[in-house]
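Consider the two complexes below, in which chain A is the common component and chain B and chain C are the respective partners.
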Partner chain A sequence: MSASAHWLDERRADAAARFAAAGVPHRRIEDWKYTDLKPAIEGANDDAAVEWSIRTHPDSVEVFDLASADAPGWVREHLGTLPQNAMAAASLARARRGFAARVPKGVAAGTVDFEWSGSGSGRALIVLEESASLTLHENNRTDGFSNIGVEIVTGANARVTHLRVANRGANAVQVEEYAVAVAQGGAYRAHLFNGGAKLSRAEFQIALSGAGASAALSGVSVLADGAHADITTHITHAVANTESTQLFKKVAGGASRAIYQGRIAVAEGAVKSDSRQTAKALLMGSRAEADLKPELEIFTDDVKCAHGAAVGDLDLDSLFYLRARGIPEAEARNMLVRAFLGEAVDEIADEALRGHMWSLVEEALAGAMQP
Partner chain B sequence: MLEIKNLHVTVDGKEILKGLSLAVEAGQVHAIMGPNGSGKSTLSYVLAGRAGYEVTEGSIVYRGKDLTAMAPEERAAAGIFLAMQYPVEIPGVTTMTFLKTALNAQRRARGEKEIDAVGVLKLVRAKAKTLNVPEEMLKRALNVGFSGGEKKRLEVLQMALFEPSLAILDETDSGLDIDALKLVAEGVNALRTPERAMLVITHYQRLLDYIVPDRVHVLAGGRIIAEGGKELAHELEAKGYAQIVKDAA
Partner chain C sequence: MAAIETREKVAALGEKYKYGFVTDIEMERAPRGLSEDTVRFISAKKGEPEWMLEWRLAAYRRWREMAEPTWARVHYPKIDYENAYYYAAPKNTPLKQSLDEVDPKLLETYKKLGIPLHEQMALAGVAVDAVFDSVSVATTFKEKLGEAGVIFCPISEAIRDYPDLVQKYLGSVVPTSDNFFATLNSAVFSDGSFVYVPKGVRCPMELSTYFRINASETGQFERTLIIADEGAYVSYLEGCTAPKRDENQLHAAVVELVALDDAEIKYSTVQNWYPGDEDGVGGIYNFVTKRGDCRGRNSKISWTQVETGSAITWKYPSCILRGDNSVGEFYSIAIANHFQQADTGTKMIHLGKNTRSRIISKGISAGKAQNTYRGLVSVHPRAENARNYTQCDSLLIGGECGAHTVPYIESRNKTARLEHEATTSKIAEDQLFYCTQRGIDPEEAVALIVNGFCKEVLQQLPMEFAVEAQKLVGISLEGSVG
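Our next item is the complex of A and B:
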């Protein structure tokens, strides 16, 4: 990023101080109970920078390379301004590479398709002005240790659909922090895919800060032996009449580990908040593990909050039913696992994106079906 | 077609069937009647090959083969069909997809050519019409949200589609009102052929007014304690199980 800009130096220095005070998260910190980052990143190069590339973007989307000088006003206004945990502070303090994208007021922009590769720190800022809409198609192809902070700032009635794919690398330690601010009447929809990274941690800080704001998260983790995928969400219903839904499905084979921590906070006065969260895991591997932890912090009455979590094996009655109708056991198991994941995949409204998600699932499934 | 000799079956360490013997010839309909807990469902599950039903003694021979050595899917491909008392709801699998997958899996196992999607659809539609199964039901997830009658009709539809040699109907009448019962019975009767055998398992005689059996067996305490023609069902209805059990002792 433009090293000379005073405004940026200040924000980075603040972030560096915050990170220095907190240190690298470890499992004695409640939020990182299931993911011990400290030993996983020992020896990593703090100064490395991930590569980013935007494969396609519509002309209507303004893109700024954060390594360039003379950041436009909208970048100066928003970069590094959303709430940050320790790792987000680290990515802001250290990242020397990244990009910012802006969709002007009222523009239905189509898709920005981008990916991360290499290792090190990275940063992205996505700004949607009032009534704009955008689909983000993000691929994390980093290897080694990467720490990427993404901020998504939306104006009133803006809509974001975010497909995030983390699908690489038996040696990859991928840490990502997403901070999202959803304004009045706006909508943020995210669909996550987790494949076989050695360690993946995606943390979402979502603030529903205007009436009618909504967030809908769904995700599938299809994990082969040795994979560790942690999805942690913090959604704040800051004002009245806001809505959030979450549906996560996980299939864990071998000795993999699937984690979901979801915290919903309903602020004082945020009446008529409606939140639902469901996380389910199928353990296919005898040494697979799932930790699902939905949490509610409610500071007001007159809200609807539902949550559920379940860890189990395939339903034996269903398996017998299919086999008794002639479907061989392996095929029957496949059918049931696809049906289990399908509920989350079907949350993707766009047919092409849904098809893409299915192809990712298919590719990863054989590994996740290993005992 | 089916010959069961001195069958002992244990479930969770408890012996449920205690020396059951039964022979069913092609073209015949046999009814198995018995009080609750007599082992009726155990018999149906052990024939279909459900895990957890352990044969500790005796034999089941189907068309000259030892049935107990076959996996459930192999039994299905070999022509055994169990219409279940409680068809399982499977969210995320549409009924039509399930029917196509099952039909072609059976055909593949028998070395027959698979039928394409259009062909299966035609076949299913024709059967569905006679069983009053609406097209919309086939698009829904398998058995999810189906009424009791709809589930049983779908079981009979599958029976019509798979054309089994030995059909076992486990309490197919349970949960059905009289109209649904008649419809299901008509569907079953339409499948009676000289090549096909049926085992109709029921607690009540009511179903047997509509599916008239060639033979009736009374199952109690894990054994067949009485056998006879269709009139035995009426005798049971008049006397009650307790008396028949007492008479047999």
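Our next item is the complex of A and C:
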């Protein structure tokens, strides 16, 4: 990023100090209980920088390369300002590459299609002004250790749809931090695909800070032997009349591990908050593991919060029903697994994106069905 | 309007702690503070054998190296462990042979608490061990139980009379190094109950221990050990109260349950320690380790708790489902009002095949209280066909309290099935409307609805305790219209 700017140096120094104080997360830190990052990134090069590329973006979206000098005002205003955990502080402190994108007020911008590759730290900032809308299509193709911090700042009534695809990578240790601020009347919808990196940790810090703000997250993890996928979410209902939904489905084959940790916090006074959270895992592999921790933190009475979680095998009755109708077992299992994942895939409203998600699922499924 | 009424009524509940009196009785204490000498003093007072003292000292040395846990959602000023008493007993209570030798003041105290100790007056079918501060002052129906072969006595007596059983099982479920408070307890525990139900015996009566804290500046550290041998059954009830005081008193108990093949233990608690006043002054710190080990095949351990008292509750009655086909259950109602803080839940550790567990937790928060359910369901790789069902519901009364849910669901066997559901809400307006519209006054309607909310747990209590528990829940319900 532009090395000379004083404001940036300061923010980086702060972040570096925060990271130094916290250290690399390990499993004795509650939020990292199921993902032991420390041994996984031993020997990684702290100074490496991931490559980014924007494959397509509409003309109405202003893009700024964070490595260039003379950042515009909106970058200075927002970069590194949202809440950061230790790894987000690290990505801010270390990233020498990344980009920022801005959608001006009232513009329905279409899709920014971008990709990460290589290894090292990276950083992105997405700013939507009032009543703007944007679809983000993000591909994480990094290999080795990568740590990417993304901030999404929205103005009132702005809407973001975010498709995030993390592909299979036998050597990939992908750490991602997403900090999202949703303003009054705004909406953030994210759809995640985890195809089974060696280790993936995606953490979302979402603040619903204006009345009518909403967040909807859905995701599928389709994991083959050796994969480790951790999705951790923190959604804060900071004010009244906010809504959040989460639906995560996981299929874990071989000796893979599927993790979901979701914390919903409803602040005092945030009445009429409505929050739903569901996480389900199917264990296909005899050495597969699922760890689910759906957490509620409620500080006011007039709310509706519910969560559900389940881990198990395919429903035997359903399997029997299909087989009794002449469908071979393997096929019946395939049907049921698709039906299981389908619930989460169908959360994607856009037909093309949904189709893309299905193709990703199909590609990964054979590996995840391994015992 | 309704909210103001609620607050007023809820405030009134603070006045309803009926057990806040102090019994004026001459006490004998260990010197203030905690050292190896304190441990030796307690052990000597109990006339313990050398192995028991060594066990305590080992725990004490270990405790010195441990740090107080901070992960629970409870906040309290640092406890000065050096400035408390670890042993207090009424004077003139030598090993009693019959109730006639018990100080009448003590008998009177228990009568006031609603626990008559004279057998002819006692509730039929319930044997009681009465623990007053650090000592057991009376145990009823010992002879009748003895006829069935059931041992029911203070643990200090068991150490003397049944050293083989105690040595075999004590610390086998909650090891001395388990956690900060359990280790402290292992060093300084005073009294508590010991139960052994022999092979094939169905304990003919409900067993019960009533814990009373009376002395000031004194912690209570009871230790309970219950063993159900093959095919045995026992139902055990625990009740507790303490005087109203401005100071906070520590209660750090350890309860260990062992169920062998085909055995069943049902353990029920109505916890009504002094909760502090409406401004959060005083009250008991209830830091308790309770764990059951389903060691045998087809064994079953069931925990039921109604937690209404204590300034702070830190308690996770758990089951280790070791034996194949073993069953663990946890039914809980936790009510926190005013400034009370409760962080409670359970752990179900599935180790054996076809093990099943069920968790039903109902949390109710009012005033400025914070109520947390924290639970773990863990399925180990060898636990084929393990099953768990968890339901935890929270009810909030008023806009200043908190209800939190922290479940951990971990499965490492693909044939296991785990289900978890949780909801948080205030009392449904439509249900209230439905009732009031049929002429039921709002107060009663709330009682009705919340009784329904808790019903699944209340049903699990033995009759003798269900009445008390329902009353306690009822008191907490008054004025919850909001």
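Note that the second predicted complex is superposed on the first by the 371 of 371 C-alpha atoms of A that agree within 3 Å, B and C clash if a C-alpha of one lies under 4 Å from a C-alpha of the other, contacts with A are read in each partner's own complex, and residues count from 1 in each chain.
To be clear about the criterion, contacts are C-beta pairs under 8 Å (C-beta built on N, C-alpha and C of every residue); 3 or more make two chains touch, one makes a residue touch a chain.
Not measured: the values here are computed from a predicted model.
Asks: More residues of chain A are touched by which chain, chain B or chain C?
Replies: Counted on chain A, the partner with more touching residues turns out to be C.
Asks: Could you look at A:L134 and tell me whether it touches chain B, chain C, both or neither (first, second, both, neither)?
Replies: neither
Asks: In the overlay, answer first, second, both or neither for which of chain B and chain C A:M357 touches.
Replies: Once the two structures are laid over each other on A, A:M357 reaches no partner at all.
Asks: Contact-wise, after the overlay, does A:R287 reach chain B, chain C, both or neither (first, second, both, neither)?
Replies: A:R287 contacts chain C only, not chain B.
Asks: For A:L37, select first, second, both or neither according to whether it touches chain B, chain C, the two together, or no partner.
Replies: Neither partner.
Asks: Applying the document's definition of touch, where does A:I298 land relative to chain B and chain C: first, second, both, or neither?
Replies: second
Asks: Go through the superposed model and pick first if A:V271 touches only chain B, second if only chain C, both, or neither.
Replies: A:V271 sits against chain C, while chain B stays out of touch.
Asks: Touch check for A:F340: first (chain B), second (chain C), both, or neither?
Replies: A:F340 sits against chain B, while chain C stays out of touch.
Asks: In the superposed arrangement, what residues of chain A touch both chain B and chain C?
Replies: Correct list for chain A: none, the interfaces share no residue.
Asks: Any idea which chain B residues touch chain A in the complex?
Replies: Listed in rising order, the residues are 48-51, 71-73, 75-77, 82, 84, 87-88, 90-93, 98, 101-103, 105-106, 109, 158, 162.
Asks: Can you tell me which positions in chain A touch chain C when the two form their complex?
Replies: Of all residues in chain A, those touching chain C are 30, 268-269, 271, 281, 283-313.
Asks: Going by the contact rule set out above, which residues of chain C touch chain A in the complex?
Replies: Counting only chain C, the residues touching chain A are 71, 379, 381, 394, 396-426, 482.
Asks: Could you list, by residue number, the parts of chain A that touch chain B in their complex?
Replies: That would be residues 315-318, 320-329, 331-332, 335-336, 338-340, 342-343 of chain A.
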